[in-house]
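Structures for review follow.
The same subunit A turns up in both complexes below, where it pairs with subunit B and then with subunit C.
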Partner chain A sequence: MKISKSIYLFFIPGLVLYSIFFVFPTLSALFYSFTDWDGISADFNFIGFENYQRAAAGDSIFMKSVGNNLEFMFFVAVFQTLVALVFAIFLVKNTKFNYFLRALFFFPTILSSVSVAFIWAFVYDPNLGILNQLLSLLGLEFLTQNWLGNGDIAIYSLAFTQVWFHAGQMLIIFVAGLHAIPNDLYEAAKIEGASRWQIFKKITWPLLAPSATIVIAYTTIQSFQAFDLVFALTGGGPNYSTEIIATYIYSIAFRGYDFGYASAISVIFMGIIALITYIQFKVLRSNRVSY
Partner chain B sequence: MLFRRFAIFIYAILILVPLTMVVLTSMKTLEQTFDNPLGIPTDGLIVENFINIFQEQTMAGYFVNSSVVTLFSVSFTLIFAAMIAFGITRLNDWKGNVLFALFTIGMMIPPQVNMVPLYSLILNLGLTNSLLGLVLVNISSTIPVAVFILTGFMKTLPKELLEASTIDGAGNWRIFTKVVVPLSLPSLSATAIFLLVMHWNDLLYPLLFITDNAYKTLPLALLDFQGQYSTNYPMLFTGVLIASVPMVIMYIFLQRYFVAGMTSGTVKG
Partner chain C sequence: MKKWLICFIAFLGMIVLAACADESSQEKQSEDDSASASEGEDTTQLSFIHWRGEDKEVFEDIISQFEEENPNINVEMNIYPSEQYQSNAQQLLRDGSTGDVFTSQPGTQFEAMKEAGLFTDLTDEDFVSKFSEGSLSVGQADGKQLAIPYQMVFNMPVYNKGMFEELGLEVPGSWSEYQEMADTLMENDIIPVVFPGADIGPNQTMNSMMMNNAKDEDIFQKLESGEESLTNEWWVTTLEDFQFFNENGYFQENALGTNQDSAMQMVANEEAAMIATGSYHMATLKELNPDLKLGFLPPITVEEGEVDYEGIHTATFMLAINSNSEKKEEAKKFINFLSEPEIASQYANGTGQHLTVTDVEYESEELQNTAHWITDKNTRFQPRYLITEAAVEEAVLGSIENVLGGASPEEAAKEAQQIVEENID
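Entry: the complex of A and B
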């Protein structure tokens, strides 16, 4: 079938904007990463790989932010996937009450990160916060904490907030995945006298693999994008204990005016994301099954 | 069974309690909050914080800015992405695949990665402190996900339909507007809701490009309140309520579409 050449016109408006405001900046990050540009003055010098050497060799805050980001990502990916999966199984039947609960658990997703940050700043507040009050009420005073002020646990407090924020969205994806599994597989298994664990292990889990792939991949990307939440809740503190790569880039560029170095970190950041995405797809693709 | 009910109960409490706190606290004075953070508001305060925040802040202005930016960003992302998705579906060859890859690779790159060069670009174009600048960047940043969802859907439309229309002598534009768009309405509306939530709640771009109060959107204004009101939670939560109202109302009435839309960004088609 011959298609009129006019079809190429359909790409133009989107392509123009996408090239100027997305492709060009992404590529120029690479360019600026080899310079000592301060972001303001017109001239700058090419300094080769100096920015990269600086990041790899002596920048302990950068190393810390990469470590924090991986820890945050790992905690969120595991905890969020688990919560979403368990509650998807609990709420899989399409009853009125389950619809309501799914809608309730989904609700936080529609809020802005800033709103979620304020809500949890209040929950975690060492003096006013509901969390410490609740613990005191239950006679568990020894567990009360400065949840965001204690550098040893602040990153986990943030990760928990992230899970609260987005687990409902992942739950819906798992529910859709569960509904796609043919019912006769379950009936056959029951007739054969399979236990609930066996049914989960042999039917539900393997057939849910596509949904799990999506959930884990999406959760990972989201955990790298948690900039807004971290920025509004802790700003990377205390003492860099919640500094993630994105908040670090922001502070180098817009507080330190070291655009060249910030660009180099951005490029490394992109590399890390690409690597993790690649590993995930390799691992998750290998355990797909079909019946 | 008991464990199941208990777990669901705990999860529901975890969602409901913080949200209830927001509403209750917004009706309290600061002293009441300090005296009794968990209690029911006692005095007939109810709307005083709302009146105060509207007097102290240019709330109406922030609200208008957010609405304008969101409306234009969603509409144009949707139109441009639908055209691209149609083009890719229509080409249906290696050129289409290359274009699909070019656009959707943007989904893998978080906006925080290129915020530094993007900031310089916007500065050089004189688009800081401009709603137009925000809209242009918003469109470019969400075209990838919109193209991904819409192409997934359009590829499921029967090929014969497009071919029959071509034989009838309809041009590409006619086929797009008269055949493909009407048939793609479910996918378009899901994408629209996904974009709506993203653009309404976005903090990063306003944070980078806007410093003048006259152009601030709600999330950025909220963030500034933290600087001004510090731990004055009644005022902060009044702000949170105002910023959330449009999404909450729409969520209540269009719940099914929200759930479909907000997960369509993660699932093909």
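Entry: the complex of A and C
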């Protein structure tokens, strides 16, 4: 079928909006990353790559925030994908009970990040929080923790909250992916005497690869963008132990009034996300199969 | 081709129609606006922005009185959450249409606004004389009065006076007396100080904890210029004091995970004798437990002869006029109105705050009982607000969290000093 060239005209409104709200701010950030702009004054100076040099060589908090973010991302990507996958496998059949459970698991996704932060601040409170109280009631006092106040575990507490927050969303993607796998393949495998594990390994997982690619890429990006949750729950503390790149950018820009440097870190941040997402796509693409 | 073109024209037509509808509604809106403008022809709309949501009702009442007295001025008050105000106020003030009267915190925010030229010089205004002289310096720069602090906050622990009376405890005057007091409280299963380490604990308590360890009021200025170091005795000793409080049970368990709401609840329930925050929590504590009798009790970490400072104060909520405003005269009238003793008294009593305005009459027992701290006590301006670099402030606070998390004071000071050095010119 020949498609008329005039169809491209329909791209214009979207393109204009995209340019205004995405392309222009991105290019602005790139521009300001070469300046010493404080975010308020009309004047600024071009300082070349100074901001980038500072980030690369002389900013221990930036390095720490990158490390924290990677740790957070790794935990979230692995556990969120696993939790969503396991739940999706159990809830794949379209029964009324499964519909209910899917809706229940999806529910946290529709909450705002700040609401989630309030809920979990209450859950994690070491003195009045329900988590420690529940553990004590169950005789598991030795497991009670200062969940957000202990710098060694605070990042994992945040990551767990992030998994709780978004696993339902990924569950739906996996359920859709599972429904797209032809039933004939399972029937054939069963006739051939394949075990459950073999069926999962040879049929389910390879054919779920496109969904998994989306889930993992999306989870990764989300975990880099978890600013509001981290900001509301710990503000990056204690002692920078939960400082992630997004909260650090905020801190530099809006507390330190150093927009030039914050822009440079934002550009680096964008590069990190792009690189990780590219690697993931490459790796997961190589696992794809079709029958 | 033709079909696509028709579709596209139809699509454009819809957009144009929508735009026209919007335009016509805007025209209607502007007609309405001009109609209301002609009703009150000489009315000036004054924008007042600040961050204190808890003062909304009191301010609304004060504004209605002001409008009654000045029928040609309407005050539109916009309140932003504290964090949002911190990040957006400068942008809002730039074009002059918002924030004819605005507020600023001392320290980093004041410095940034000053650098951006957002303040109008108020030096020669008559209302300046209505404020206590000692509080004004925080809003001054280059010999000019750029902002006027309205509130007087005491950033030091608030204690349960009734509990002290019941236990026969005296307010300690030295470090050894303080330790005796804390031990007695613990013997009675009471936490001496509840420390909200998850949010404001470190940034509030650092002030009173260091006040007599670093008596030089320029200490942070020297730190930022590279003349001083956090690894020196004044800060390491302060961190040792924090460690002592934490390891000896003066602070509650899991201090770093406790937020201010939980901390207030513990004082209201009389599980703890003191809360390491400040005067601004007294009104809420009274709401939570009306039987509480409250006072200030800063940690005295030196022996009696070495006590120079008895507490910490902050002259804050600084009123200022936007240099880009076209309504400066009206803005001055509004600040003048706020500085009248009756209005200031209404604000002080309605919000449970001490003010910098002289001749304010405090009605509540708590405000009356603690007002003498303004005149009779040798309090020191909050040192934290004298840190002008946000990254330095965060390093200082981070070192406290590091110590409470188990690091040694020396190690924490060293790590923080490294961050300071990375962030000073």
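Just so we're on the same page, the second predicted complex is superposed on the first by the 271 of 291 C-alpha atoms of A that agree within 3 Å, B and C clash if a C-alpha of one lies under 4 Å from a C-alpha of the other, contacts with A are read in each partner's own complex, and residues count from 1 in each chain.
Just so it is clear, a residue touches a chain if its C-beta (ideal position, glycine included) is under 8 Å from a C-beta of that chain, and two chains touch if they have at least 3 such contacts.
Treat the numbers as computed from the prediction; the structure is a model and nothing was measured.
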Partner chain(s) touched by A:A84 [first = subunit B, second = subunit C, both, neither]: neither
First (subunit B), second (subunit C), both or neither touched by A:A159: neither
First (subunit B), second (subunit C), both or neither touched by A:A55: neither
Which of subunit B and subunit C A:L128 touches, first, second, both or neither: both
First, second, both or neither for A:F21, with subunit B first and subunit C second: first
Partner touching more residues of subunit A, whether subunit B or subunit C: B
Subunit B versus subunit C as contact partner of A:F106, first or second or both or neither: first
Partner chain(s) touched by A:I249 [first = subunit B, second = subunit C, both, neither]: first
Touching partner for A:V76 - first (subunit B), second (subunit C), both, neither: neither
Partner chain in contact with A:S6 - subunit B first, subunit C second, else both or neither: both
Intersection of the subunit A residues that touch subunit B with those that touch subunit C: 4, 6-7, 9-10, 13, 39, 121, 125, 128, 250, 253-254
Subunit A to subunit C touching residues, read off their complex: 4, 6-7, 9-10, 13, 38-41, 58-61, 121, 124-128, 146-151, 234-235, 237-241, 250-257
Subunit A residues touching subunit B - in the complex, by the definition given at the top: 1, 3-4, 6-11, 13-15, 17-18, 20-22, 24-26, 28-29, 32, 39, 83, 86-87, 90-91, 101-115, 118-123, 125, 128-130, 133, 164, 169, 172-173, 176, 214-215, 218, 221, 224-225, 227-228, 231-232, 245-246, 249-250, 253-254, 259, 262-263, 266, 269-270, 273-274, 277
Contact set on subunit C toward subunit A in their complex: 1, 4-5, 8, 11, 15, 86-87, 90-91, 94, 108, 112-113, 115-118, 197-199, 252-259, 262, 265-266, 389-391, 394, 398-399, 401-402, 404-405, 412, 418-419, 422
In the complex with subunit A, residue positions of subunit B that touch it: 4, 7-8, 11-12, 14-19, 21-22, 25, 33-34, 37-38, 79-81, 83-84, 86-87, 90-91, 99, 103, 106-121, 136-137, 139-141, 143-144, 147, 163, 166, 171-173, 176, 197, 200-204, 207-208, 218-219, 222-223, 226, 231, 233, 236-237, 239-240, 243-244, 247-248, 251, 255, 258-259, 262-263, 266-267
